[in-house]
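In what comes next, subunit A is part of two complexes: it sits with subunit B in the first one and with subunit C in the second one.
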Partner chain A sequence: MKESQSNRWLAAPAAALWAVGVALPLLLVLRMSLYFRGDVSGPRQFETLFFEPGTWTLANFAKILTEPFYLGTLSFTVRLALTTTLLTLTLGYVVAYAIYRATPVGKVVLIVLVILPKFTNILVFVYGLKMIFGPSGFWPVVAGEVLMLLPYAVLTIAAALEAVPFSLVEAARGLGASASQAFWRITFPLSLPGTIAAATLAILWSLGAFLSPYLLGQPAEYTISVEVDRQTNHDLNWALAAALNVVLLGVMAVFGYSLTAIRRRLA
Partner chain B sequence: MIELVDISKSFGDVIALQDVSLTVAPGEFVAVLGPSGCGKTTLLRAIGGYVPVDRGSVWLSGTDVTASPPEARRVGMVFQDYALFPHMTVLENVEFGLKMRGEDKASRQDKARSVLALTGMDGTEQRRPAELSGGQQQRVAVARAIAHEPSALLLDEPLANLDRNIRLRLRDELRALQQRLKLPTILVTHDQEEALGIADRTAIMNRGRIVQIGGAFDLTMHPAEPFVSEFLGLTE
Partner chain C sequence: MRLAAYFIVGTSLVPLVLSLLVGFTPSRFLELPGNAWTLDWYRQVLANPVWTRALANSFIVAALTTAISIPTALGAAVGLSRGEWRRRSLWETALLAPLALPAVAIAAGLLAIVRPTPLWGSHLGLALAHSVIAVPVAYLALRASLERVDPTLEAAARGLGATRWQAFQHITLPLITPGLLAATLFAIVISLNEVTLTLFLATRDTSTLPVVIWPHLRFAISPQVAAASGILFVVSAPALAAAAWRLVGRRSSAKSSVAGAR
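Moving on, here comes the complex of A and B:
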């Protein structure tokens, strides 16, 4: 009893950091999303520049969930995230499988190649892509997102694959399974929980996509995060920006929760 | 019948098998004994089709399978770590080979159940491998290896991970089962007591070669090379 209590205190610094760094800002965002928009040019513009203090309203949420512009941005964000995740997983699985089957030296080489782009500054990385892709558009945005996410997906899936002893595949082959049958009946199902973990990471990340859409896309490719930036820094409608954030968090929670539930059921 | 004709295999500079010839008659139990790195596991993997040989040929039941992939060879292999499929039940593990052969569900489950009964594992059909003890896992691995009616049985140190008491009992059971099924069987081990205690003939391997093959009496009384007597611990 005494020991468990003293152990509990060991979590205090982390809990405090979480409270100050995560919970408090989120609560502030939540509160912010419930203000009326501020008056940018009226007589009280300096007190109410970003939002109208002391007010409570759901008008920002009503606006997001009724106006075609915001609904369109939201559905585009989800579409982009799903496309990105699907491509990241497919490519990530192929590369991870190559790592799984490589010789010990080959593994190291491949892993270094996979994480090497992460040593580049993200802006340099994205501008480099801009030079490669030329005109901006949907697929350059997707490519930018996929390339940013790929290393995480590859490492997560490779870790899952490494936990599958190759003797299982050999055993299946010896029992009459072809190489592809052995893969689909043994390797793939056993690596699925790790693959879903990679999917969770990829979708949560790409739902919050900002840099790629902002730098590689046209306004047609702007995501919720880009719109949050616009409302925060250009239109100075912080209440709406906060509400957009809360809606995005809600979407992330739905995806994150469902994927985690699926993974738990498989594991 | 298992026939190996002058098979050789190198990994880079390392010679794992050098002109190895071996014939195992139907129903015969041969143990391959040697120190680690002597090539005995490569020998087994070459028969199973997991390692392509550089030279020589492998024959199973009178058919040349040298170029065949594992799935075309129909051998039953028991791996050292058992290699049971962790996401499948015991029954699904044992019926896997029959399923791959396209047998219908009712008949393959019947066969799997009878093989499990044969290895004393009936009643565990719906359990997962992780819920079984080491000895039980080993029995399931043997059941899985014989369920698809293989032409040969290959055992890669099947008893190495078990406690001594269980090991001795399973050794006798394995021998009895093999006699009943009349399967040509090769067991690979580094444990001479295990080899001499179970096999009709024991092949002693060293540096990729079979140094001597014979019954326990031959090997102990007429060792062909100093290595044999040294390895069997006959010299002081």
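Moving on, here comes the complex of A and C:
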């Protein structure tokens, strides 16, 4: 066996973990979404899996796509994701641009401050947000989500900006362009692919928003992910939870695919 | 622009500072400590077996996660970068997929898989779940490190009679030590702070600190929770310090090597 071929076997443990920890759970979710709800009463309650094995039905999807409650949750999830993404990108771009133009020391200071939240628990932030906002609602949820996503957006956009030579801007200025003209004609278009990559990450993650809607929102701010948790761990309807997961993955696929297509066209 | 950036970053850190300060308040309510500061809430947390058990669980699971995910990610990084693959980028995308997938989807599927097995209610089961998301991040750190190692160095060692393992052990491994350290750091921090998967998969005996904090945040908020969060912060802080030090260190050493070249 050639060495470069036997090297491939080094990836076997990762492949095994991936098969059991990523592929199998997703396939199981897909299959569970087509089960009938299981019997959750009686003494067997704590030993069973909460679906009826061997059955096939589309009832769970019908329920999600017809009942106003689930449709409302779905549209709220998308609305929250769009608001969060827009805000994250705007704030992230400002910080990333400051990193791009900063002195070497300034760069390090800003980057460390930006990634600090990623080395602490999000629950610490949630606690502080609860103190600031008091009663829960839409904007506390958005604030929590933006805080979680900002570091990734800043680092992705900053990486894109670093690849834009500032001499291009200086050349444009030398030829008579104003500062804002130079930015909008040179810097911004060149950083756009990276910004769209950041947007893709932000929208995918905020569609899956779970922690901040749950902890900072009222039931009106519950997302699909929160509903998955409620159906899995409280209402014990794993089939419906799985169907909600499939719908969520479908929505994520649509957004992810279109943004990737846009980025390909620009690049 | 710079002012706006510092304002945004500063504002984003206010919740952290607030919740850390409240842990020292003498009041029973969520009030900032004025003139009087107290460690009572921290003492209460560290004296309560529910919290100390959770802290111990957090450490056990983080250690197991590191032990599982670092060798796994190292194997994947070496295998993918030094092996012969027809569609390398496709495999890599698959490996990184857990980072984009919603945690509740993986969690719900894992729950149905793990629940009928002996892994249910074990630290190992939780650590394996944490490894699912720690491996891709550790892989990224290791890949970045491996890319900077010239493969001809290993080839030279082989030409001089070293076995493959000797060449890896004496040439490549020392060169990727910074990447290994970073990957280990990430694995520990990810495991300590993981909430969603743990919420689905932990039982009463294996609940980690974030999962024990969770219901308190939803229902009864007391400064005790701020103290518990503070402990979680202190536990992760050395990792941040190490990361910051590396970032600063690398830049200044790059600068001094440039100065030396002149």
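The rule is simple: the second predicted complex is superposed on the first by the 242 of 267 C-alpha atoms of A that agree within 3 Å, B and C clash if a C-alpha of one lies under 4 Å from a C-alpha of the other, contacts with A are read in each partner's own complex, and residues count from 1 in each chain.
Following the convention adopted for this analysis, a residue touches a chain if its C-beta (ideal position, glycine included) is under 8 Å from a C-beta of that chain, and two chains touch if they have at least 3 such contacts.
Please read all numbers here as calculations on a predicted model, not as lab measurements.
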Fit or clash between subunit C and subunit B when superposed on subunit A: fit
Contacts of A:Leu249 with subunit B and subunit C, given as first, second, both or neither: second
Partner chain(s) touched by A:Ala177 [first = subunit B, second = subunit C, both, neither]: first
Touched partner set for A:Tyr97, first subunit B, second subunit C, both or neither: second
Subunit C, subunit A and subunit B - angle at the middle CA centre, rounded to the nearest 10 degrees: 90
First (subunit B), second (subunit C), both or neither touched by A:Trp9: second
Touched partner set for A:Val114, first subunit B, second subunit C, both or neither: second
Which of subunit B and subunit C A:Pro165 touches, first, second, both or neither: first
First, second, both or neither for A:Leu190, with subunit B first and subunit C second: first
Partner touching more residues of subunit A, whether subunit B or subunit C: C
Minimal inter-chain CA distance - subunit C and subunit B, angstrom: 11
Overlap of subunit C and subunit B interfaces on subunit A (superposed complexes): none
Touch list for subunit C against partner subunit A, complex: 1-2, 4-6, 8-10, 12-20, 22, 30, 68, 71-73, 75-76, 78-80, 82-85, 91, 94-95, 97-98, 100-113, 115-116, 128-129, 131-132, 135, 139, 164, 189, 192-193, 195-196, 199-200, 210, 213-214, 217-218, 221, 225-226, 229-230, 232-233, 236-237, 239-240, 243-244, 247-248, 251, 255
Touching residues on subunit A, where the partner in the complex is subunit B: 165, 167-168, 170-179, 181, 186, 189-190
Of all residues in subunit B, those that touch subunit A in their complex: 48-50, 69-71, 73-77, 79, 81, 83-87, 96-97, 100-101, 144, 148
Interfacial residue positions of subunit A with respect to subunit C in the complex: 2-5, 7-15, 17-18, 20-22, 24-29, 32, 49, 91, 94-95, 97-99, 101-102, 104, 106, 108, 110-132, 146-147, 150, 201, 204-205, 207-208, 210-211, 214-215, 225, 228-229, 232-233, 238, 241-242, 245, 248-249, 252, 256
